[in-house]
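Following this line, the structures themselves.
Each of the next two complexes has subunit A plus one other chain: subunit B in the first, subunit C in the second.
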Partner chain A sequence: MLLTTLLLALQAPLVVTPGGVYPTIAAAVAAAPDGGTVRVTRGVWREPTIRLERPIRLLGEPGAVLDGEGARELVVILAPDVTVEGLTFRNTGNSYHEDRAALHADEVVGCVIVRNRFEDTFFAIYLSRTTSCIVRENVVIGHPTTESATGNAVHSWGSRELRIEGNRLEGHRDGVYLEFTRHATVIDNHSTKNLRYGLHFMYSDSSSYTGNEFRGNGSGVAVMYSHDVQMVNNRFLDNRGATAYGLLLKEIADVHLTGNEFGNNTTGLLADGAERVQVRDNRFTRNGWAIRLLASTSDGVFANNTFSGNSFDVAVNSRTVGAEFAGNFWDSYRGWDLDHDGTGDVPHHPVRLFGTLVERAPAALTLQRSLFVRALDAAERVLPVLTPRQVVDNAPRMTRDAGRMP
Partner chain B sequence: MTTTLRLLLLVVRESLRGRWLIGLALLLAALGELLLRFSGGGPTTLVSLLDVVLILTPLIGLVVGTMQVHHAREVTELLLAQPIARGRLFVALYLGTAIPLAVSVVVGLLAPFAWHGLLFGADGMQLLGLAGAAALLALITTAMAFVIALRADDRVRALGIALGIWLVTAVLWDGIILLTAMLLADRPIEVPLLIMLALNPLDIARVLLLLGSDAAALLGYTGAIVQRALGGAAGQVALVGLLTLWILVPWTLASRTFRRKDF
Partner chain C sequence: MTRRTLVGGLCWAMLAVAGCAPSVPEMLWDTDACDYCRMTVSDRRFGAAAITSGGRTVHFDSIECLAAWVDAQPEPPRGLWLSDANAPGPLHPLAELRFHRTAAGKSPMGKGFVAVASSAGSTMWDGPVMTWDEVRAAVATEGMTEHVDH
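Let's look at the complex of A and B:
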């Protein structure tokens, strides 16, 4: 049995060409043995949704395009160990009553989706209840108008052991949306210009994302109702707007943020109902607010981060804050280091009075950098009345370069 | 026209004779140099420079402008005795005072960046924006100084008024705006707030410079009306327009006073 499978797998691929033995992809797929390869030649292929019900490899030659003519899904994976590679998926059209996806995998194990291109698809890749699937080096580009007129570039629902790596995801609702997904690994993706989030976790525990870049999305990343999420070496850039964040943490617990960069966001990191968040060795540069902590946050640790060029380093909406700060570099620190041990001798209070005022009247933001506001902040530093004293870094780092804490 | 030009040259020579302006340029250059040395030329330097532009330039414009008018009093009276139209003389007096001041401020601001080769670097545009705003502020505050100096003949009194106006525009006005914003926090205050900002040229210049800096990231948070009014290129053009208007208003006032004044 094993031998026959092996032999069949080694067979020559079934080539789909117009006027050839297999004039349609469906014909080749129907004829392909388990483990066989179907190769699609250059050209635009318009045919009913292709259902892959046996483990095969669907391979596109350069210029092989599947066109949905604005009306349907293109490929549905229904068997284990299917590979879809090198194809261009185009034009599924929008749907308001089904989650129409260019490539849909349902209840399968070990699917591999590599080096495909998706243009103007509603959902590009839709994985429901899959296990151990890999989505690698795909390019997904959409031109959406409104959030409801587009789906997610990569959508996972109820999947396990998912790996999403090296993709470019652009112009959808979410770049990656993970719902009820466990043990997902999201690495080295570029998620840009998506209307809602670059990456979105809902009820997706024990996952990690590393080395991704999220630039110019509605918001960079939202991690919601999830726990045990690792976020390492990502870049959250250029998220501007009243409700735009580099990273939104909502109702989450036990997450680690390490070595990330937050730059040019209206709000870098917003924590709302975050428990036991460990934020270490991150850089917050030129944000409006580097960090905003809402009162529902508890047991947070912010250590060895670098804050520079932010209008407000930390803002809180109540006087009791469940967060500890230690060993961070603050470019707004006005203290000194007489014993030269590398940490400042006086504590740093990163919450500015003006920040507290702005929480109550956002329009007052137009007054930033005015001399009056500066004087107010200086007075508050000397005689604190309104800003919470608990938000304090007792050992602020003096130098910018972030050497790791032992 | 040639009369005006000749008069202008005369007044410029008169302004430069005090050596005030050269000292001012040197002072600003020294300040810029210090900032560059101690903050490494990054965004922090530009922020500090923003303070120099927004606080020091108006102060200099008001004080130096007022003093120059009184200083040039004798020359003015001499010229008034000649068959020269008063309107022309005023143009020459104003431009002859304001332009050298604006030039010395701009030169003083940019010189340290020029000799460190940063003028056309990454922050070059922002730097030129700063210099432009400084020049506009110098022109505005000199026009204001003319109004003050022409209406208050006593030197000390004129200087006192100039300092008072600086205190209000540079510090207190923002306090009033902030107080208003805090007291009416729950109401739609964006439009009155924008009007209050427009009433103070220093605020207009500050917002204009904020829009060009990284702090613009915050603008998204100020609410839709403010963002629509200020966001984008249209907002910046409108602000520059407002600043220009702010030159014309005190100019017209001063010009009228000058023409009717009994010296």
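Let's look at the complex of A and C:
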């Protein structure tokens, strides 16, 4: 009986209230046993950076706010199996010398960061060499001005087995930045209005991102210097501007793009130095350029995608591009299907002559809607001279609805 | 000489001067893309720019990209400018800067090179002082595509 009471007492949360047994979060954290819970009550808490050096659960009641007063990090996780839940982190201030984050996890295993809110933080969540951490259902809102720099909403440096799920990430440099990270899974996040990218891979292999929406960022996603990345069912939307794109693939290999939507981007997909890229079952709708392939791309496969309402479906900067096209729907296809097998009877060449000219002289774009350009494109279709002949879909799909390839 | 000729002559003279001396290149942060790695140039501590031998302005997200680009040029560029990591934003001529390789500041390409004003005292950027040639040599040796495990 006594033992049970004692255990219950140990397991009962340590409640942080003004004037209570634990008037500061630091006091409660210092007193908490391993595996214990510290509950922070409603109010604005201003304390020196809180260091979690034992496995505990730090839980915020609704309205519990940690305020960094523009001067410091708020919580640092230094022990395994720490959970931080339900808190609002606010106002870390900026720093050019340190990667200052509201919540920093350093060389730990099994941290869980869930249902927190971050407002006006430089970096919000910074994971440095963590293993098996989870970042779920957090809301991160920044208000960067163009003059002042900002960090990333979720930043991972050298972490492994990371899961980032269901977060809303706004107004930072990158929504999610994975650097030297392996086995990351990024699922169902909304990453919007970030200055640079919604999601950014740098030297990060063997990872995947699925079901995310990237809308109105500087550019949508950049996958750079990485291998073996799966990109499934994401939406790349509204990335407008001379240099903006939905997705950049740069110096990458062995990646799969499946079931994604590229809509209303200046460029949907830009590939430069991409090897063995499989692009299947994606929709490219109302983009300036649906796909731009630079000469350094090789062994690409583009199958069963749907292209509609794009000014240019495919543009290349060279006559030698290593990409195969098969079974795609092209709304610009002018062929026919006499045997009604659902596949066009004549091949489709998705690269327009005018697109090739614009790659060489971007200013020519002003002529886009002119009669002259239409005549050029028509002449090139009949008697191809400048457009690459190997960029051809020999079996263009006749219907828009993307069924599976037979 | 009429007044009109004088004004015209002055205009030409100004154009000639402006055209010859390379002025500090403009950087559109969060918009310009790195001419080496294509990353959007955003982190103001590490940005850099160059004017090519042909007179074109090119931009870089990091010092390592600038170094790798310089090494790939057949002709030496007309000038190089970099951000001072202690006062990020404005670009300064190469001659006014010194370099460090730091663990604390993680540069966009992960190699950790920073530039600070030569005249600055000791700063928070750790690591021994490096010359520009030493930075270039390090980047050339390590390459840009290799994964650096930190």
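One rule holds for everything that comes next: the second predicted complex is superposed on the first by the 392 of 406 C-alpha atoms of A that agree within 3 Å, B and C clash if a C-alpha of one lies under 4 Å from a C-alpha of the other, contacts with A are read in each partner's own complex, and residues count from 1 in each chain.
Heads up, the rule we're going with is that a contact is a pair of C-beta atoms (placed from the backbone, for glycine too) under 8 Å apart; a residue touches a chain by one contact, two chains touch by 3 or more.
This one's a predicted model, so the numbers in the text were calculated from it and none came from an experiment.
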Fill in: First, second, both or neither for A:Ala26, with subunit B first and subunit C second
neither
Worksheet item: So, A:Tyr96: does it touch subunit B (first), subunit C (second), both, or neither?
Response: second
Item to complete: Return first, second, both or neither, reflecting whether A:Ala222 touches subunit B, subunit C, both chains, or no partner chain.
Response: second
Discussion item. Touch test for A:Gly241: subunit B only (first), subunit C only (second), both, or neither?
Written reply: both
Item to complete: Would you sort A:Val15 into first (subunit B), second (subunit C), both or neither based on which partner it touches?
Response: neither
Worksheet item: Given the touch rule stated above, what does A:Val301 touch, subunit B (first), subunit C (second), both, or neither?
Response: neither
Discussion item. Using the superposition on chain A as set up above, list the residues of subunit A that contact both subunit B and subunit C.
Written reply: 241-242
Fill in: subunit B residues touching subunit A - in the complex, by the definition given at the top
42-44, 47, 50-51, 54-55, 170-172, 174-175, 177-178, 181-182, 184-185, 189-190, 193, 197, 203, 206-207, 210, 214-215, 217-224, 226, 230
Practice prompt. Show which residues of subunit C lie in contact with subunit A when the two form their complex.
Written response: 29-33, 37-40, 42-45, 85-86, 88-89, 104-106, 108-110, 124-125, 144-145, 147-150
Discussion item. Show me the residue ranges of subunit A that touch subunit C in the complex, using the header's touch definition.
Written reply: 96-99, 146-147, 149, 157-158, 173, 179-180, 195-197, 202-203, 218-219, 222, 224-225, 241-243, 248, 250-251, 270, 272
Practice prompt. Over in the complex, which subunit A residues touch subunit B? Could you list them?
Written response: 240-242, 244, 264-267, 286-289, 308-309, 311, 331, 357-358, 360-373, 375-376
